[in-house]
């Protein structure tokens, strides 16, 4: 088992004919992901890589396929529309890779999500991968290996850092999710902690946060109250100055709130095992599982 | 992206929010004329910099004569203003806003931001206008009220009423107040603001609510639908190296240390900075070279790091995922040659083709220090910087 | 509330939607001048009445000369136009719109309404412009597309794309089309329309999308925030008795039968009409006197019923809930006295104090027929009307 | 048992100091309804009828009372705001009596309701009553008597007509709900049919529709597929002309859709027992229960 996706998951790619979309769609297919169709306006009727049919709209794709998930690579200008298109089409899992979506557009998306059954990952994220089964995103597949740790992160390469350690340590991963670095994201740590807690194969969860917002704190409340599995935490940005956006639009200490130290202290208080530096994430996980 | 007070007020005026008549002045004679033109007994001369806390720092002066307006402007323009928000170096004042005086009866605090937890728009208000809101939050949290607005349906009468009652105002003022709040909300959404802070919002003796100060941050991501964002950018207000980096698509933020960092990915870059610090050195910067760390980008990144004279060693930390490490290594070598790099460099490359990359670096002719892990690299670079610092100190001594 | 085509187009123009230049004319000389002013080789002269189907009924004429424009206007103004939507009596044309001709390349159908089932805004579109949309719905439903817009987030690109693809247009027209759709949506919401029908929406040879006709219904409930609604009201277009009733707050709709009905509550009023019909008579009207059936309202209601010369008997059906039946009965008696009522009246009063009411009516001096139930009353009034009709027929014969 | 409200239901009245609000609040209290507080802007701190405290906002009222339901009597101009205030305060049952709310405002309300736990009855409706226990609305209480028939209606006095018959017939009622005559209402027949089906005391349901919209049809689908209890139906407006609003904003046949005959034929096909005229509603119900 794993959460959300596995080798049977049928995936479409919105923006499949664009530069990013086509590159990563190919990589996902190589990894084994069942990419059944693509969607690009005015490209309906063509084929991607000579085998994947492209449609103008999700509605058209839905007439031909049962769709479980979508990967969105469309430009920021149209991204909110594409996400809402997927929500209205009632696609269960929406993974938006696109970076640079205005926050106000994301508020619209959140409104749409509120009363919909879809789960959305991203935007501005590496995506989701279930090791050796299905990859919907831009992460390097080869560092992942089927195992027993679930990984959640607001970051990209820092996640790869953690995954690489977990794989090398022999623990391996179940599902890894990058929830995205924007201030307003489709879902938060909380959504997935719950799923990992219920997943039989997952024995521990690594949660990689960063400065800005309060979701690490909220997630750790859940860890304290509802979780039996160990959760290993790391927060990037102890040395980040206040008021500056550290690359990610959401990584900002504002009004003195959202510092790494504040987060770490609350997480620790709530029973999250803190990895002192990013090089010891796997080590800390091994220790937690050997307890 | 931060903008000036006068620009913030332009945006508010565009949405039919009353502001005080004011004239932007780049020199003292313009300020003199502004006093005459405004034909008000009293004006405020306000330094236009991208930072709050101007009042206490001497950046806002009240005067009742044209000559004094001129003198104040003369003193302000070109001077450095150091406020609680500018950092030690302060900011050079390049223009002032000369604004008509108002008959202030009461002052309030009001701000709008996006509440990340609920995905709503948050009005934060306080009857303690003109104070540092973080102080109010610490010392008198009961004087703060947050009213969350769901963007699904926007501001409703009951939201406005809650704010009005919290301000404890006389009922006859409700009409005027109830017109202001939706306008502020609308301006916030329509202009894609990420923050709108009005401190103070004043109630005049005439019964009008007017933003006396206004601080606005705009959402850079929304620039595609607001061509004016480009015109509102004031590079004078930004760190020159940050501007240079931004122009080539790099994410760079200058810090106080002396280990130059070059990392791919924002989270990993922060984690790298943190680890350097853990090993006793201090990062000179945040620098995310992004997903495609080719030789051109690496070269530009090197140039930016080297422009910072406090940098004594460089730590390159790349996790090769989609990007292949040997390509990055080749880029580093080429760039190092092109710019004649002499500073010590610690490199950690992990991921695709890391082994080949390591060979390539070793045979490059440069004395790169290869690190096995992030922690290893941080430790090594910290050691190098310490020994350099010692030498400096010996030299100095 | 229905409005005229020229008013609908004013609303669209207010929201930056392109419309053809046009001039409203109340007489033939204005029409003559309009032709000259528009300086177009060809114009359409369009009767302004609150009903669709004008084209086939001769209410829209194309012409290429000022003289002919004048003649057409002369013939139209003052004449009765009978369309599929006016009923047999037709509607008197009081003004015409003289509109510049357009170079039509294609015609489409487009409408917006509120979809009651989903609480969304429904765009209904068809490539069959200029046709009766109910015919299209029956004969070629595959030529209709409904696109539902959730007011939580409004029109998005993919909605527009779906419509555009359904119209099967060349790609270079997308920009223009994608600007039009959100404007229509915005106009619909902002002006509180309950219907906006554009039939046809034309594509001109120049590549512009323009509403050639526009039919708008406004939501009466929203009149408090649109003062112009009052100015847009055209009482000439309404049944005079309905206007009279509306002005005193009564809900009255004239029908073809001869049993005048006076009922409290809309549902009960409809049910009363239905029951009258079931017993072989026909209701002359729908009339809801509302919750407070006092003597003044009853008197006005009587007057309205009596103004309809086809009314031969009256059925009053009141369910006294909050209103007490004896109060209503007293009101009926007073009103009957005041207006010198001679028509036969069947009264059914049920609910609070129904017994007292019955006594009061019996001792009133009027020959009111008291009914025990709705069905009983309907049956009784039907019988009365039948016997009156027989007498009329005997007289006539 | 009954649905939604009983003698324990704590009710507030929004607009309690207005003409309509104060009149009907008194009537409700007389009937036995637990009216615990009122809400009127700028009247906070006063008392209604010398006993019921009045607050400026629901938020203030909530600090003092646990609130189960609200009755809204505020003018149409402010009604949407008051409804949304109640939704944001998470009041379980919202009954809006106000007539004349613009449809666009109601669309806002519907958006708010979508992701909220509240159930809304109305607007432009007589309200809800559980016979001999609790009345939240403007219906005459005395015609109701505890019994076994649930009543749903889009109408006001026509409902009283039906209730009066049911009481006189000896069947009596459990709960009666007027869902309102507007085109966009907080809830539809469907919402309550489900509750009546689950309610032990309710043995049959009377459903009184009228022209316009399609909710009678949707409700009868549910009757066919999910209900075991008999449903007796009536639809007003067989003689209503097309295109005219028959008093209620929602009672209009538009584009040939929403006629009484169309509704009746679908309802009958789906197993709803049709009362041929409004005088035989109770009679039809008696027959249905004696089968």
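Read from first to last, the chains carry the letters A, B, C and D; within each, the first residue is number 1.
We take it that contacts are C-beta pairs under 8 Å (C-beta built on N, C-alpha and C of every residue); 3 or more make two chains touch, one makes a residue touch a chain.
What you see is a predicted model; the values in this text were computed from it and never measured.
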item	value
Chain pair with more C-beta contacts, A-C versus C-D	C-D
Chain of greatest Cα-centre distance to subunit A	C
Centroid spacing, where centroids are CA-atom means, of subunit A and subunit D in whole angstrom	45
Interchain centroid distance [CA atoms averaged], subunit C/subunit D, Å	28
Centre-of-Cα separation between subunit D and subunit B, whole angstrom	54
Multi-partner residues of subunit D (at least 2 other chains)	108, 111, 114
Residue numbers of subunit B (touch at least two other chains)	150, 152
Subunit C to subunit D touching residues, read off their complex	85, 113-114, 116-117, 119-121, 133-134, 137, 150-152, 189, 192, 194-195, 219-222, 224-225, 251, 253, 255, 263-271, 273-278, 282-283, 286, 288, 319-322, 350-352, 373-376
Residue ranges of subunit A in contact with subunit D within the complex	111, 114-115
Subunit D to subunit C touching residues, read off their complex	27, 76-77, 100-108, 110-111, 114, 138-140, 142-143, 153-161, 164, 181, 183-184, 208, 210-215, 218, 234, 236-241, 243-244, 246-251, 254-256, 260, 276-280
Touching residues on subunit B, where the partner in the complex is subunit D	150, 152-154, 156-158, 161-162, 165, 171
Subunit C partner contacts - residues on subunit A that touch it in the complex	41-42, 44, 56-59, 78, 80-82, 84-85, 88, 108-109, 111-112
